[in-house]
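Each of the next two complexes has chain A plus one other chain: chain B in the first, chain C in the second.
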Partner chain A sequence: MKKPRRLFKGTESLLASLASILAGLLFGFVLLLIFNPAKAGDGFLNILLTGVRSTARLGKVFYTAAPLVMTGLAVGFAFKTGLFNIGATGQFTVGGTLALFGAIAWQLPWYLCLLLAILGGAVWGSIPGLCKALFNVNEVITSIMFNWIALFTVNLAINNTTVMLASSWGDVSRERTASLAKANLDAILPKLGLDKLMRYNGMNIAIFIAVLVALVMWFVLQRTTFGYELKAVGANRHASRYAGISDGRSIIQSMIIAGALAGLGGGLYYLSGTVQFTLGKELVAMGFNGIPVALLGASHPIGIIFSALFISYIQVGGDAMQPEFAREMIDIIIASIIYLSAFSLLMRELIRRAKLKRGMAQEEATVKGADGAGEGGATA
Partner chain B sequence: MDDYVIEMLGITKDFPGVRANDDVTLRLRRGEIHALLGENGAGKSTLMSVLFGLYQPEKGQILMNGKEVKINSPNDANALKIGMVHQHFKLVEVFSVLDNIILGAETTKMGLLQKDEARRKVLALSESYGLKVNPDALVEDISVGMQQRVEILKMLYRDNEILIFDEPTAVLTPQEIDELMDIMRSFAREGKSILFITHKLNEIMAVADRCTVLRKGKLMGTVDIRDTTPQELSRMMVGRDISFTVEKKEQEPGEVVLQVENLSVPSRLHKKDAVRGVSFEVRRGEIVCLAGIEGNGQTEFVSALTGLEKLSGGRITLLGRDLTRATVRQRSVAGMSHIPEDRHKHGLILDFSLMDNLVLQRYWEEGFQRHGVIREGEVRGYAEKLIAQYDVRAGEGPDTLTRSMSGGNQQKAIVAREMDLKRDLLVAVQPTRGLDVGAIEYIHAQLVRARDENRAVLLVSLELDEVMNVSDRILVMYEGEIVGEFKPREVSVQELGLYMAGARRRDRQEVGA
Partner chain C sequence: MMILADILSATVLFAVPLLLVALGGMFSERSGVINIALEGIMIVGALMSCLALSFMDQSGFGPANPQWAMLLAILVAGAAGMVYSLLLAFASIHLKADQTIGGTALNMLAPAFAVVLTWSIQGQGNTTIFIPTWTRITAQAAGAADTGSFLVRLVFKSLYLTTPIALVLLLLSALILYRTRLGLRLRSCGEHPQAAGSVGINVYRMRYIGVVFSGFLGGIGGLAFTVAAGSGFQSTVAGYGFLALAVMIFGNWKPLNIFLASLLFAFFKILGSYSGSLPFLPQFKGVASSEYIYLMLPYVVTMIVLILSSKKSRAPKAEGIPYDKGRR
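Let's turn to the complex of A and B:
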């Protein structure tokens, strides 16, 4: 009895995600036609095919996907516990920066730097969790505020630690952190020869770590009493209390884990050795992109792996559209594709309705109301 | 000739794996109160949803005044002047009563709401039918009974001629039920036609003209109430004779299991305590019933007893252990199990599978988990055992999504879970609310079984029949205090009613438990 049902549910989500992606791509193509009709065909092919044109491009897809998987998990995991973690950006930034401090200022090896990243993200995630559990402050507000607090705290810390800046390591810039190639080779994530194999310098073990972590998260949510408690609190806080589960504790734990995941994402990103942290006044997009990744993957850890790969793939494809299309246009097109792709919830609803019309699903009718409201609320 | 407003002919409606309605015919006369009777899952709600445009039938047709109509959505139903009061009200909690009534049928002028006119109409309707409401109160602040009046006013405001009531009495106090019956009668006198979904036989006997009975999706027949008896109706509904009295053998209560001393619980609504200085004890092998009209502190009392809310004073002792400040889990382990009042809010996680819900109180126990990893095989096996033993009907067994189960079976699942914990004390709060006679009989039997197994049972109930039939001892709660203690044989329903309404009280020393 069990198997067909699970399968059926899965296909419904998958169908919805695929339909959304298709809609997003079509819309992207229409935009291309509007911006530059002559080159639209080429540009579209670039988006679709660049990722598989060479191993180097594929390497780049993996490279960008790794931190996206992590921020996607950070949003998705919290979502399972009924929390909307919009603070992945801040947790990502704090985690990444702490990893860089470990690497440059304290000269630690990469694995210790990753631990620091996890720690930093966890601490940053715990604050909205604590505020929610103890004072019932909405986690969305707290985590948005803490995104900005993270950004400027980090700027301040790096600015005031001369050794962190690229200018201390033989470069001119005072606007960014030192290149790891110059500051600490041991802090760069191992490449295991993958960079040579794929002919892409950024290729390293990050994607494997990310996939492994996603699998662990799947196991935690699906098979452990801890995951059972978290999901119970997310699905019905009252019933969880009735069952003797401490809802406050679950909320804090969930936010700590979500923060740790985003923090690790920051570590994986900045320890690749190919990027430097740039002091600026903008929040890192990687954290926010975790939201569409989680939505497109229906908050399911395995789904999140694939949705992160997809979004990364589209971005790499977009990069190859230059110089025929301006950078800004490419960003608009990519954003539109991602935006529409995240409509998988809407699609699922449409698929459900179509079924309902055919009178196929009795239970869906009752599920629809509450389900739709809950998901809609979190998306807004 | 019969004057039918609505004829549903040969309606067949399939859901995956189930035929919810199988060639069902229902004819509604103008100006009659027509009851639709059946157990949970018999297809009553499906049939009404077809009439209200929520489902499209596979076969069959609907005639209105002899002409075929297509009802594809609730909007179509509205246009045909069909209105429905759902079992779970569909109101916007943070809107006022008036706003809720006009929602979807607003009168506007140049895009601006014309509320004055609407208010006049609502007040006039409320006056002429005795449906007392305060149009400016927020829905979240008013009682369930008043919310129902708002739902009824919504139908009247839309000039509906065919009124569907889906189990309207499930949430009402006895007095409110009487009022509702009067209102329904006055509608019928005016020529409105009423479809009344219920499984309470005495209500049908009291108010309905005719009754259509469904069993497992099939039409069992339509009878005139004048020509029938409750026994006959219940036989048509269940297919066997139902005993209306609870079988129970005499038994001397044993040692004290639960002792409550001077318990006070703060109120969420006002500064005074909702429960004030309540003391009593429950012994092994007895069912003690806490009776009272809704809102007299029972809910708060149970919340404090089970650890969901803090208390402001007093002591709770279970088998000699002080549990006054214990957590929910500690109380459970110490010997308390709890069938909660609100099965959707507290009793179940509706988006979990049935098997995950069946281990809600014991997933953490050794045996269901090892080193924090849930042993799915064990959980599944245990769930299958409970499903079989307690006859929980669920389409996909342990994997059934709990939300998709019928109310009766959801309740059976909770009862199975709490009974099987084998705790010394079972706290059951309105365990039969909204259930059909078959399920009620079953749950009463389970409560008696717990008593016969020498456990202590504390039953909180609003239903006087239940109070009189099941309990060994009755405590009446009024405004947060216990105002009387009786043996069921020593007291009449009428007398009990007076205590529940606060018209009388007596010192408990007189009885000597």
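Let's turn to the complex of A and C:
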């Protein structure tokens, strides 16, 4: 009796997500029709198919998905533990920059640079955690403040380390960091020949690292006492304290891990060798994109892998839509999918309630009332 | 002396959007709904009002009646924000969805929608909607006699209709929140909605009102930001919606404190851009691009003040929790 119901719950939440994706895409198609009816069909096919039209495009999907998985995990992990980590951008930036410092200024190999990225993100993530645990300052506000502080600190640090700038390595630009191809080949993530295989220069092992980390996160959350404690604090801080869990410590630990995840994302992104950090006064979008990734993946580590791949996939499609349509059309589609997932939550709830009622009626009929009530209490 | 006038007037100019949007957030959260979507609401308000302004500019109505046109634009901004905020209200009040989900979706939707719409109206690649110059209230237009004095400089250096309107809205907000039946009911829904519901208050309606107020103020805040930024509307409000959220928490969900918090934040923000011309500020000679130190300043100051004042900080108790009649 128990097993099939569990299974139902899982597939049904997947179905709900798929339904909102479908509805969101449909909405996107309608928008394309409104803005340019003649090109709408081609544009929509571009969104759907570009990612698999060539191995290079598929490589790009993996390439963008890797940091998205990480920032998605950074947001999702914090969500699971009851915190809204809107600071993934700052953690991503600090982690990525520290990795670049390791690569360019200190000439370290890629794995040490990734460790630096994790460290940088963890330190930056720990600040909102500490502020919340010690001073009871809302983590949302601290994260927002430290996003900007991260951006300006990083700009300051790079500008004051001449060797970091592209201009020190034979390029003209003083606005970006040195290209790793010129500064330190050992710091570029191994490609294992995948770049040749897929004919895409940015393809490397980043996506495998990201998936591995997601699996580890799933294990930590689902199968360890530590993960259980973090989730318990997230579900009810006061009840957990009553049960003997140190809520302050859990909050700090959770934010350190979330920060480390985002920081690693920054490392994976900037050590690909195909991007350079551009100095400027705008926050990096990659960190904010972790929020929709986490929401679409229902904060579940495995779900986040797929939602990052999906979002990256339609973004690659969006690039191919230009210039007939603005690529921002993709953001509209993603936003409407997430908005619609709010509806799907409701749908799921209704179905679950109906199921529960029917189940309880059945069980009462077969005089198994106690079991049914217990189940109802656990899932409510 | 003149530089002091410049700094103060720029401070007010940048404090106005923060003030308006943070007041909006206050109404929403006091009614029990966390409004992460302020950034998106600002963008929609700015988009619609800037389109209205450029339309009025072309039709000739604007240059002929500049301040009437501006007032109209402000109303457009508020109305657009209200309509947009209804999307958040519907998801988080009616559907009882997680309030950050709806808010995040709306934040993502607004700038993308703005780019797509601007492209289709102005042609591809033209992503800026310029603000007509007649929107500024000049000393001549206001009939000030001595245009060289300190006071005139202070008031008219960068005065837009949004500033006096923001002050009126601040007073109105405080009055509504503390001196009307509506305000009392609104606050009760953010503290203990079940208790409010038990004495016959319609919690759903109160929360709708709270969110729609925040849409109105947030939309106008978007226009106020765009006139302050000065370079026209470029489908972004540069994170001001989130900053306003911080200002609201900093201001402890109270109108007057929010007013002071927005002034403090704006002052430190402006100080940075004048750091070169103020001899008494440290210049950090040995440091390359030291402007970043000043750019960081408002955020660092806010953090310090927050940590020092954290003991007194008190969020509405029921914010973020969907209203469930059956719970106690």
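FYI, the second predicted complex is superposed on the first by the 321 of 380 C-alpha atoms of A that agree within 3 Å, B and C clash if a C-alpha of one lies under 4 Å from a C-alpha of the other, contacts with A are read in each partner's own complex, and residues count from 1 in each chain.
Keep in mind that, in the parts below, a residue touches a chain if its C-beta (ideal position, glycine included) is under 8 Å from a C-beta of that chain, and two chains touch if they have at least 3 such contacts.
Since the model is a prediction, treat every value here as computed from it, not as a measurement.
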Quick check on the superposed pair: does A:A133 touch chain B, chain C, both, or neither? Answer first, second, both or neither.
neither
Counting only touches as set out at the top, which of chain B and chain C does A:H238 meet: first, second, both, neither?
first
Answer with first, second, both or neither: which of chain B and chain C does A:Y228 touch in the superposed model?
first
Return first, second, both or neither, reflecting whether A:T142 touches chain B, chain C, both chains, or no partner chain.
second
So, A:P323: does it touch chain B (first), chain C (second), both, or neither?
second
Which holds for A:A258: it touches chain B only (first), chain C only (second), both, or neither?
neither
If touched residues of chain A are counted for chain B and for chain C, the larger one
C
For A:F84, select first, second, both or neither according to whether it touches chain B, chain C, the two together, or no partner.
second
Following superposition on chain A, which residues of chain A contact chain B and also contact chain C?
none
Within the complex, chain A is touched by chain C residues 87, 91-92, 95-98, 100-102, 104-106, 108-109, 111-113, 115-116, 119-120, 124, 238-239, 242-243, 245-246, 249-250, 287-290, 292-293, 295-296, 299-300, 302-303, 306-307, 310-311, 313, 315
Quick check on the complex: what are the chain A residues that touch chain B?
1-2, 5-6, 223-226, 228, 231-232, 235-236, 238-244, 246, 357, 359-363, 365-367, 370-371
In their complex, what parts of chain B are in touch with chain A?
13-16, 18, 20, 54-56, 58, 306, 308, 327-329, 332, 338, 340, 345-352, 356, 360-361, 363-364, 369, 372-374, 376, 396-399, 401, 403-404
Chain C partner, complex, touching residues on chain A are 31, 35, 84, 86, 131, 135-138, 140-142, 144-146, 148-149, 152-153, 155-156, 159-160, 281-283, 291-292, 295, 323, 325-326, 328-332, 334-336, 338-339, 341-343, 345-346
